[in-house]
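Per-chain residue numbering starts at 1, and chain names A, B, C and D are given in the order in which the chains are listed.
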């Protein structure tokens, strides 16, 4: 079961059971972005209240597996109160964690360097890279956030 | 090579090299029927001069393998001067020789009784049934003759 | 077990021993394969039929006179005969077209028969429990020709709602329905539906993908007009599907895919299609796959189709009972709760655990179940679900498989509880 | 042998030893397989890749999380990668669609890209030496849309007559041409044709069925837009073909076959197609076949494509010389008499002996050659023939095969002489 515990770390289960920042924001003024994973039916809607370049508030609705839901909850906690710039950096870091690990796993090389402190709680999702089909689940919220940020004029 | 000699009996090769009744008849009045084997491109045209229920003359053109060509030559010799009724009997007998043998071969049963005297020279084509893909070649002329006879009002 | 099954030597343990993959160890446990509705595991005889084909007699079929090509042709055409007998096709092998899968068979139905016989306003009646293979081609035809695609609803107890059938059949030219739902397990009353369709002058097509391997399917007795299925769901290989229709219908169908093998003649100014099944088999066909399918039919017939049905019926009844006793409502079955007109497919909705997570945890126990919408999104929406975790049985399944399933499910529930 | 071939361990005798069917005895003689243009004989590694797949990891691909399904998906998607590398697809595996054979790939080209991009009066330019797979789908589109299908003529010395190419390209939206004729052996100047087509704003599709297994085919270097081929002609299995096009073209192509796997969503009122190759892969794909194809690509790459080409080139030159010396004009080669731009396909017209009889007599010597029109009736008509007896080489062919061929041909000529 060790693999399984790598995937379903306690933090993940916690965020899955008690997701942070659930709800909606009136839109407009909030930015609303929808994400969908056609393969497994996971859905997510991200509401962003961005003021003066800062994500003043973020809310999420949607449904999906523990990975996609905990990833979106962790994501919301990680970017709330951050500047758009900082949020984009987190997205980039998260993507790197998912893809870099995947390719190094494939090539049996050394894990690439991801600054775990900068990532914080998000590191809990590292185990996902061992389960390639679940990476899409973990990425969904981040891709949707990225879409939302792109809508800022 | 014994199988091969069963297929290519001397009579067959003779009819292939020196086909009987080659040529055309003015049509009308002669009946003209065309046969075609799309699988191997064999073609045959049969011209029938039928008077008072008798095949007074028959001519053939076409091209194809030794089996289709010798079968048509043998066919023309077998029905020339015969009544339409007799020709139809020959067609039936020939079909039987091709199909009965095929199924008995498959089932390892006794060969069905085909009156070899009534068939005469045509018996040379018996070996064809051991080569299922060639049966269509042997049948082509007979099917075309049958078509032609059907056109007699 | 139900009575009345064939007197043959059916023993699921023997089938299991015949199936190499079932000896595999996954995460330290012998595999528990519960995904036969997705694809079935071929017995050794099927795998070897294909290996032997490639080792001894691989050659292109038709038009060749050398020995291995004759043998390859005999294997290919022999499979056509076997399949014709298997479904009791009244016109024999002349009615069997080989495609690449059941989905292509549906496309052939829609794009050859449908395009030639349907016009704007004509109705194709399907059901809310159809697989996408029996929906999307009709939507495509609708976009092209303006036909109407109408759905028979599904009741809250997972059956077709036939209360308005007569009304639903109004204007219908074709009723196209699955013999058995690949999500619910529901077995539909095909014979009655065929009679109802025919009374209204409509034809009936049956999606046999799920039903054909799990009980005898006699097209003549059912009095249906079209049947589509795939070899890989009946212990056969991937890469080959079957389209059956009556000879007179097939004879009138225009070509679909164009190319070699489906023509009588090609000139610089046009072409003449061939007659018979060949018209619909453009290009080099799945020859080795036909050899494998032929072996699968022989194997299934040896097991006895009614034995397989009875066995799966018994397993399903046992699993339904135990799932309800063990999990006291935390595991909901999306499908009939009893075994009346029901096959060995059990879709699960586990409270608080997403189907993907269910399947992931089960994998750690070597248990193979499939999470997802099972290519039946309209049905999933009907029940307000995005996905289920689907368990399905095959002739090699045993009660022990259900034991492991329950052990693993309990773990998943505990983990996310 | 031509110089400049890869430095690998290519040895046709080793290839022969790797190919189980070549050990077979027919009519008392070891088989002499000279029909590789029709279908090639797979080596043991390809056959075993498929057996192992079925024995260990057969499962439906996509959407599953259990281990064997992940492995099956990896095998399937891995084959896509291998094929992309094999033809040097600039956009990688996103540009590779798996079909059932080259013929389906052509139908996909005509019925998806063609139907969406061509209108009445537009011209598709093909050649008189095309296989029916590259003719009939265009005729079907012509009947449907009113496009014009135009033919590049073939010269008396069996080459494309390109003297009027510029005129022929007038109004052309797509030039679709075979890389190598399956009847004549002629290798066409694809790179020049691509440049000419592009200069006139037309796209170019290449029938790679014959060329792809007999020499490297680099779509990037050739600068072509579409490539169609079949696994079974490149030491792979039946039941799988390949369609390649550039990512931006693929992205804009509408769906063809409808069903599961090719959708993003299906509702009661319509559907949304998926992106990428999946959009064109409806239903359960040829999974085992992809595993076999993947193994075939590895095997071919190990042999070295230029080694194979050089070997077949040498065999062809030898056979052409000996046929002309032995039979002094009684055996006419329908195809180029030299080995310039010419592959290992030799069509024979034996004076006074019909191709069927040639093949029948040769079968008695265990020699496999194919009589017929080779699905190229317009070409046969061009040369006033109904059929030829076609000899073709593969990487396992040896000069000894030509010895037996000549012995058997001599017998046939004597018999009918």
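In this text, contacts are C-beta pairs under 8 Å (C-beta built on N, C-alpha and C of every residue); 3 or more make two chains touch, one makes a residue touch a chain.
Source: prediction; values computed, not measured.
Common neighbours of subunit A and subunit B, listed by label, are C, D. Look at the CA centroids: the one farthest from the centroid of subunit D belongs to A. More C-beta pairs in contact connect the chains of B-D than those of the other pair, out of B-D and B-C. Subunit B and subunit D have Cα centroids lying 38 Å from one another. Separating the centre of subunit C from that of subunit D, both taken as means of CA atoms, is a distance of 32 Å.
Chain geometry summary: the mean Cα position of subunit A and that of subunit D are 46 Å apart. Counting partner chains per residue, subunit A shows two or more touched chains at residues 39-40, 131, 134. Looking at subunit C, residues 27, 63-65, 263, 265, 356, 360, 371-372 sit in touch with two or more other chains. Looking at the complex, you find that subunit C touches subunit A at residues 27, 353-357, 360-361, 364, 371-373, 380, 386-387, 415-416. By the touch criterion stated above, subunit A contacts subunit D in their complex at residues 36, 38-40, 131-134. Subunit B contributes residues 1, 3-4, 7-8, 13, 16-17, 39-43, 63-67, 69, 131, 134, 137 to its touches with subunit D in the complex.
Subunit C makes touch with subunit B in their complex at residues 62-65, 70, 73, 263-265, 274. Of all residues in subunit D, those touching subunit C in their complex are 20-21, 24, 26-27, 31, 35, 38-39, 41-42, 46-48, 50-51, 54-60, 63-69, 100-104, 106-107, 110, 128, 131-133, 135-137, 139-140, 151, 230, 232, 237-241, 255, 257-263, 265-268, 270-271, 282-289, 356, 359-360, 362-363, 367-372, 375, 377-378, 381.
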